[in-house]
Amino acid sequence: MKNLKKTLFITVFCTVYISSQISAQKQNANVYEFREMNQQSYRYYINIPDIEGYETLKCDFHIHTIFSDGQVWPGMRVNEAWNDGLDAIAITDHIEYHPNKSIVNSDLNTSNEMALKQGNEIGMLVIKGTEITRSKPLGHINALFVQDANKIEVANELDAIDEAVKQGAYLIWNHPGWPNDTSTLYPIHKELIAKKKLHGAEVFNSWEYYPKVLDWCNEYGLAYFANTDLHYTSANMYREKFQRPMTLVFVEERSVEGIKEALFDGRTVAYFNKHLAGSEKYIKSLIKKSLSVKVVNLKKNSIEICNTSDLLFQIQFGEYAYSIAIYPREVLRINIPSETEIAFTNCLTGQNKYVKMPLW
Amino acid sequence: MKNLKKTLFITVFCTVYISSQISAQKQNANVYEFREMNQQSYRYYINIPDIEGYETLKCDFHIHTIFSDGQVWPGMRVNEAWNDGLDAIAITDHIEYHPNKSIVNSDLNTSNEMALKQGNEIGMLVIKGTEITRSKPLGHINALFVQDANKIEVANELDAIDEAVKQGAYLIWNHPGWPNDTSTLYPIHKELIAKKKLHGAEVFNSWEYYPKVLDWCNEYGLAYFANTDLHYTSANMYREKFQRPMTLVFVEERSVEGIKEALFDGRTVAYFNKHLAGSEKYIKSLIKKSLSVKVVNLKKNSIEICNTSDLLFQIQFGEYAYSIAIYPREVLRINIPSETEIAFTNCLTGQNKYVKMPLW
Amino acid sequence: MKNLKKTLFITVFCTVYISSQISAQKQNANVYEFREMNQQSYRYYINIPDIEGYETLKCDFHIHTIFSDGQVWPGMRVNEAWNDGLDAIAITDHIEYHPNKSIVNSDLNTSNEMALKQGNEIGMLVIKGTEITRSKPLGHINALFVQDANKIEVANELDAIDEAVKQGAYLIWNHPGWPNDTSTLYPIHKELIAKKKLHGAEVFNSWEYYPKVLDWCNEYGLAYFANTDLHYTSANMYREKFQRPMTLVFVEERSVEGIKEALFDGRTVAYFNKHLAGSEKYIKSLIKKSLSVKVVNLKKNSIEICNTSDLLFQIQFGEYAYSIAIYPREVLRINIPSETEIAFTNCLTGQNKYVKMPLW
Amino acid sequence: MKNLKKTLFITVFCTVYISSQISAQKQNANVYEFREMNQQSYRYYINIPDIEGYETLKCDFHIHTIFSDGQVWPGMRVNEAWNDGLDAIAITDHIEYHPNKSIVNSDLNTSNEMALKQGNEIGMLVIKGTEITRSKPLGHINALFVQDANKIEVANELDAIDEAVKQGAYLIWNHPGWPNDTSTLYPIHKELIAKKKLHGAEVFNSWEYYPKVLDWCNEYGLAYFANTDLHYTSANMYREKFQRPMTLVFVEERSVEGIKEALFDGRTVAYFNKHLAGSEKYIKSLIKKSLSVKVVNLKKNSIEICNTSDLLFQIQFGEYAYSIAIYPREVLRINIPSETEIAFTNCLTGQNKYVKMPLW
């Protein structure tokens, strides 16, 4: 009888609980809801323009959950990214590292499946991923678009890579400068790149930027990534709203397949700490779509640059010893002669290399 | 041999991983750390004054983790509360409701032990708690300062209460207006109160305020609580920093024991959505410690009210049809004759009852 | 000789002074410029959409300078409005009230001419205006697009009105509820309206909204205005950036003539304290251009409303006892059945009358 | 009769106008006041601690009005500074430069008298000042605490200095690096310093810092000043609230005399763009009063630094290649061994010289 009661309770409770998830619509003596406190129903609309016939998706391809060494449930990662204004995430729990193993029962696909389910529920794109977690020289490699992460758990690291490739995965070389603060391109990496078994690299991870890696991406044709590598919550990691690091992906179709196609075609730009890093072509397109110039006084070369986007741009030109900010959603009035070559000092195309172009 | 290798790797990895938790101290071509992004090392200093010889602790006594139906690891709850500026939390996972049971191995003390460990690590006070989760009339009851939550898992709800009381627990009646949007004081509650088996009530939970409950607290001598009942992250729940709901507890000693003593003595004020709710005595003390008055022009009754705290106050007096804000950390210049009785309209001592006092 | 020296100095000084107005471009031991402090070169880009083939201009038609009883130089009013993100202003100094008369030499056109000059300099539209300042019943009337304000300085108030009309001016009934806190539509107003000598009314001025006036605008075909009536600085008046009150004018041509045409055609909406007030037609257009709806789950009526504008919208529908915010540049996820009639509670078409329309 | 009517009107109008300056206290159909928009009645409480038995006053000693080449009325400068959170200002209109001369009737004391009147009205300390405006080598010199600025209008610049000194004025060497971007200490300055006719120098003015000048202040015993040199409004100049540049003056008595005494005793620190510049002694006191250290884990040298002030501090120590921020009103958790010498990199005691001290 006790069990029956309990079961009955649970059933009733769940029904009531789930249906009551919608906030009280009352404001009376019984229940007074302060709607203005609610953040759960809102996400940021971060205005980063579409370019060149593509849609610009804001993505994070490196996230951990309690199913390896993260501190957050997979479904929560989806909601968190939704709140933060992202369009797509990949859950990439470690294959070889499970500190919570004695507490958490799962296989290597569990977190992906949970996240995918939540993604479908709320309309967030979720990519199945996993992290091949080895020591240097190989280091940590994210495999995205995997079919079955369980099969990638093999002893030999190169076998693991091969299995991932066999599943059609996209492979990213993670945080090359971690943990020993040295970014080194090893023979193993060159080999994998040559064999098309390594497709992209994290130019930025967590709070760290790896300038050398930007050059290697250029040299070896690797796509540029900026990911969070979240273990804690994003609010715990990053001080400013809108400043969660992200990889911008230029897709033809807003879907998992669309992202996959764009990644293999190398159509990404890394966006971190108000910097853009990637190929000149796409960054220039972002600049042109974000800024519009109005001439106020032709004789004095007095112009107004209007930034309709949420991207900050820092420009330097002429005799200026410093950069001048074109803030998101503000207009800058300035004297710049036409055809002046302007260095966008927060738009990196290589280590100490910036996008340069005239604004009018 | 494979196992040996694996073990060796794990050991080395963990050592490296843990010691590298400290961010790179470099800013060079290998690793460039953007220190300004880092939120992890910071917590808000929310200035709510100490009063009357007590220290004012900012507390949340109702939090869930993955060990019942939350989405966050216990250690993360401690870090999260630390970031948010709180002084103490209680982990109060459900006794009777474990939707993650098939995945998560634990008993009812696991989340408490984990949180306590992390609390000791970073200097946050953590209180062992649990939530007796039944349907109305009894509803949900938080038991704080429990010794062994496992023993509270019994079929009969009153036996559960008794076991908690036997362990010296402090019992709080949770969200009386949930889930059916009706706040009802049932005979069972009156009985438990009379028998000193129910000590406090949530005047506020989540985003909801229960005006009637404030009156019941007054009538029955229950302490006032405002808790989050976090299942998701606090950043996901609340829009504004500094506005995580909290119970202010006036302690003699900053410790778990100190909080216990203060709770049993009823020394709390609920703080939610820029409202204070509780006994007039303590709220008046908070007001007096937060505001200082300077007379600018005695003849014109022109004064400046300086609010050095992070508490907002709304005042109404005389002919004003509306309240006037005394914003946190701002000075208000206004004409108020001395000895004017001022209603603090965001300082509730009962349903539609406000603290009233002259400011000078 | 002394005079010569002095003249020489002044000449040299001015030359040096003016050419040095451009900030130092150095950052060295001699001069280190902190560019990030600079607000002068920036203006807000306040995104209020264009509608229905018109361009939406953000205007303030009621501003005072030191040339009547204001505290700010005319040129500064232009710069200030530019910083604040406005597109056009009118300087409307009092005709009959000049407390600074003993100190300031001018006629009634001086402030307009100065402001116009500065407007041409920086590309802000400036409209010549003046305020016929009488006591109630007539009250204060702004005359915009005047040719010669001197001629409007006549004893009889109706003669003053007539002169302004003769000059082709557009006449606005200012702050009907000031100074005696009563909004009264007097016979004189009805008369002037009938004779087409009164064209618009301030629904909002300073910090005050006059609900009755909104109804009179509807009833008598007066255009809707929200103006600041600035005497002090806008920063001294208004707490929040983006929240300087403004009259939205829907123009065919971005010019003084274009504004004049639009005003006489009644194409305005008043915008104050996150409220819109005016005709349903234009407010609905603003809503449609600001919000886009994406269906996330058709079965559950789960939608996402994306607000790309800087306008806040408050919606109420169904069983909700309160409004729900659609914040500027955020996405709201909510369950609303299709074809639901939604009340936009901050979009006023009359006293206690709101825009109502389905969102999808 | 016309004149009588007019006079009567003006009298009535003024009475009504002045008594109605107090906002409507209504919220009804006639007048609805949105109190939350009001900035006028509020000033920031900027928490910069008192030190060493002194009170710390926040001052701006270089401000222009329409009575020379500014754009704002003297009374408005007082209100503006009050809003901005300052304690004292000096109006320092140019003696020799009056571009508005044809419009504005005044002598050289007019702006001071007006400002003083407004200061007494609202309780702001106002210091009578003036700017001796010559070309380099002498440059611009502010004279504070003058009795009669008219007498300082003499042809010979040294005579002007002498007259000011005779009146007991305090003399400040303004913006040495302007307008030609070169900071040069000329013989004339050394002479005046030696004769005690030059007492302080602007280390910062407008948006410019003059590193060399900081060294000269040290070498020659000049007091340190950071002033705005406002011509436009402070909102037009500075992007961030709380970041109006100011000179911190440590007074025994909060009065004009008290400030005078403190200036002649050299008790100032310049505060600009989140930097402090001055003598080590006073800056160290500010640091000690702002920061408190709590040891969290002695073995790991894990401490929490709590910043209760509104001053930002940047610290660098050990192997860190960059500074770490201790944000205003936040707590930083960090590992620092006790007795570690810490460089406060935004606390300048000379060009490239920082305050160094252990925190615990």
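Chains here go by letter, A, B, C and D, matching the order in which they are written, and residues are numbered from 1 within each.
In this section, contacts are C-beta pairs under 8 Å (C-beta built on N, C-alpha and C of every residue); 3 or more make two chains touch, one makes a residue touch a chain.
Only a predicted model underlies this, so the values are computations on that prediction, with no experimental measurement involved.
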Item to check | Length of the shortest touching-chain route, subunit A through to subunit D | outcome: 2
Item to check | Farthest chain relative to subunit C (centres taken as mean CA coordinates) | outcome: B
Item to check | Chain centre separation in whole Å, for subunit B relative to subunit A (CA means) | outcome: 33
Item to check | Inter-chain centre distance, subunit A versus subunit C - centres from mean C-alpha coordinates, in Å | outcome: 41
Next on the checklist: Taking the mean of the CA coordinates per chain, how far is subunit B from subunit C in Å?
Outcome noted: 44
Item to check | Residues of subunit C engaged with two or more neighbouring chains | outcome: 26, 28, 33, 35-36, 42
Next on the checklist: I'd like to see which chains touch which, written out pair by pair.
Outcome noted: A-B, A-C, B-D, C-D
Next on the checklist: Looking at the complex, which residues from subunit A come into contact with subunit C?
Outcome noted: 22, 25-28, 33, 35-36, 41-45, 47, 121-123, 294, 296-297, 304, 306-308, 318-325, 327, 329-335
Checklist outcome for this item: Touching subunit B in the complex, subunit A uses residues 2, 5-6, 9-10, 12-13, 16-17, 20, 23-24, 26, 28-40, 42, 66, 70-73, 75-76, 79-80, 83, 96-97, 102-106, 110, 133-135, 155, 177-183, 207-212, 232-240, 243, 272-273, 351
